């Protein structure tokens, strides 16, 4: 596990745009799925997964930004941390909102709470653990927040709603939360981890994030087959497969652009080529 | 529960776990994953471009947890539709293996193309020939982990839901695989050209073996080598973990009362004590067999 | 409507237990001898994997055994002891088999680079380090340290899970036995995923603290544990309050 280089990674798309994309896209997806849940038998619950994909892309960019400084241990740790924070914040947000009769505000509360936990861990990481990574506070906040949107988005894709009692019944009790946890966590950490190297490019990494987010969406669709009904599940799965295809071809096109050579087969580069 | 049925189910779990451990390790060797992969990653930088699969799917625990949880989730969905258990676990493992294949592919492509300046090529035939066996091994791992989790839920009435148990056992099998079998791949197979019987000299970092008996070495050759020792011992390790942690509560069933429960704890503590002593014996014998690497200068002076 | 202050006051003992569990997990990681990537090439002393992953593997094994135990009894001592033993068994087996590979597969004896003499067995270490490495395999001191660490991890994980279930028990007016007798009770799912989440956070924090590798309690890096413990204390306390409100408000 190489720990990444050191220093700020070059970013073609500024992080602020990705933050806006993740938060706005994520919340629009979640709320659209929620408000359209009564339309056409709930087929619009796939919107929740689209929101989750927006959050994935944002989170993967944040992981890329902080992990390129080198964490001292593998990139995966930060993905696990993100989802650890996310799951606590998401459940709290949804539960407390419902407890106060403001269920509609659940995702927003979760987002705020996650940001607070993330900021806290970020501050402690720099001040107490002395990691001294300049973007630590901001990135931890972003990672926790994106992890929370991811969890809520995928839960919405599975159940069609973010009402806590439904999520509790259909996602937590059944254990599907475990797949949200790991498929979401991997979607955040895998893109940068899989593209780690001196010639890593932001757009390639983010296409990879789209592709991995789409896989999480497909799995959420499979779960929706049983939690909701066959048509809802199939719609989510099919859109997920389409997005996966789009993400994969986009990723592969950038691999062909960025790689030294993409060859069908061949020997190692010759001595002259290595000079 | 009848103790004999419990013992039988436990034996089945142990056997399934042993297979899971072995296939987990070979799956990680064939794709070069986790810690030993740092050398494969470093090699092009040392002017050692290679044709080894660079499967950087995070650490092994999350990647195994991912496939086991996906398998468990799909299987659980199918069980809710009253599909037979064997079919449900099989389809679940199949979906998991396919997802794992996409993770492996993107990792290979991504890592290799991020090493453009070191002239590392992306070989599509490596992808085509190695990804199916990777998926095959991941299928076996997922299926056997699901068998373990399913038995725990149904026979032993474990309160955790199936996908969560599959997640936890996935993390554990990955943790065990990357701490045991991978060492055989990283410390021995990747550096088979240096003299046997020492750790990797830092000066040799990244200088991995790239040539085989015939032609260039592929990751397939590596899993062939590791199947002789690293894979099986990983199987033993995971099988033992699952078996022993279940054995103590099956023999001394805590549902019969706190006394039996405490007996199970004592039995576990005794097992651990035996292992500490056994490890010490092994350490002493290894020190005696291999001897020190350098002379004791203080005594010589 | 949830009375947050009331809930916290009512469950303050469980908040403290969860916090204690989180800190225990955090401290436990410092005991587990992980050499990270170099150890996988027999280039450094310790287990050849990442800190987070190994701690998670051991701690979650402990959580599974503690969960199983809690299914049949609500004796807190028994639940915690079985979590401890579960984690210890996992790591002891892993280290034994790891040493098989180092001794018989790679052919190098166990040696630590951080101390000249093994503090437990008084064996000379520096002569057994092969050239260009920082030690290899798992000497007795690291082995014992690892067993202690996994035990603390399993104990911490079990403690968090136990406290979470107890909060739910108070809130729902059921006893743990009732909860367990209905298969797939929502409290089990919520408590277990919360425990996993809190566990992961507390496994990552110390691994950043030690920079990914440590040999055990004899390693100079071990002295850094208070930093991770303070961080975990604050973070877990916050999470514990969130958990109380979530579970208690059900």
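We just call them A, B and C in the order they show up, numbering each chain from 1.
Rule of thumb we're sticking to: a contact is a pair of C-beta atoms (placed from the backbone, for glycine too) under 8 Å apart; a residue touches a chain by one contact, two chains touch by 3 or more.
In this text, all values refer to a predicted model and were calculated from it rather than measured experimentally.
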How many hops, at fewest, get you from subunit A to subunit C via touching chains? 1
Using C-alpha centres only, name the chain that sits farthest from subunit B. A
Between B-C and A-B, which chain pair shares more contacting C-beta pairs? B-C
Centroid of subunit A to centroid of subunit B, CA atoms only: how many Å? 26
Calculate how many whole Å lie between the centre of subunit B and the centre of subunit C, each centre taken as the average of the chain's C-alpha atoms. 20
Touching at least 2 other chains, the residues of subunit B are 34-35, 38, 59, 62, 160-161, 164-165, 167
Show the residues in subunit C shared as contacts by 2 or more other chains, in ascending order. 36-37, 50, 52-53, 56, 184-185, 188-189, 193, 196
By residue number and range, which residues of subunit A touch two or more other chains? 1-2, 74, 76, 80, 173-175, 177-178, 181
Within the complex, subunit B is touched by subunit C residues 36-43, 47-50, 52-54, 56-58, 60-61, 63-65, 67-73, 75, 78, 81-82, 85-86, 88-90, 92-110, 121, 123-124, 127-133, 135-140, 143-144, 147, 180, 183-185, 188-189, 192-193, 196
Which positions of subunit A touch subunit C when the two form their complex? 1-3, 71-74, 76-78, 80-81, 83-89, 91-92, 95-96, 99-101, 113, 116-117, 120-121, 124-125, 128-131, 168-169, 172-175, 177-178, 181
Spell out the part of subunit A that touches subunit B in their complex, as residue ranges. 1-2, 74-76, 79-80, 173-179, 181-183, 185-186, 189-191, 193-201, 204-205, 208, 211-212, 215, 219, 222-223, 225-226, 244, 248, 251-252, 254-255, 258-269, 273-274
Subunit B to subunit A touching residues, read off their complex: 34-35, 37-38, 41-42, 47, 49-51, 56-59, 62-63, 65-66, 69-70, 72-74, 76-77, 80-81, 95, 99, 102-103, 106-107, 109-125, 160-167, 170, 210, 216
So, in the complex, the side of subunit B touching subunit C is made of residues 34-36, 38-39, 59-62, 152, 156-161, 164-165, 167-169, 171-172, 174-176, 178-184, 186-188, 190-191, 196-205, 229-230, 233-234, 236-237, 240-241, 244-245, 248-249, 254-255, 258, 261-262, 264-265, 268-269, 271-272, 275-276, 278-280, 282-283, 286-287, 289-290, 292-296
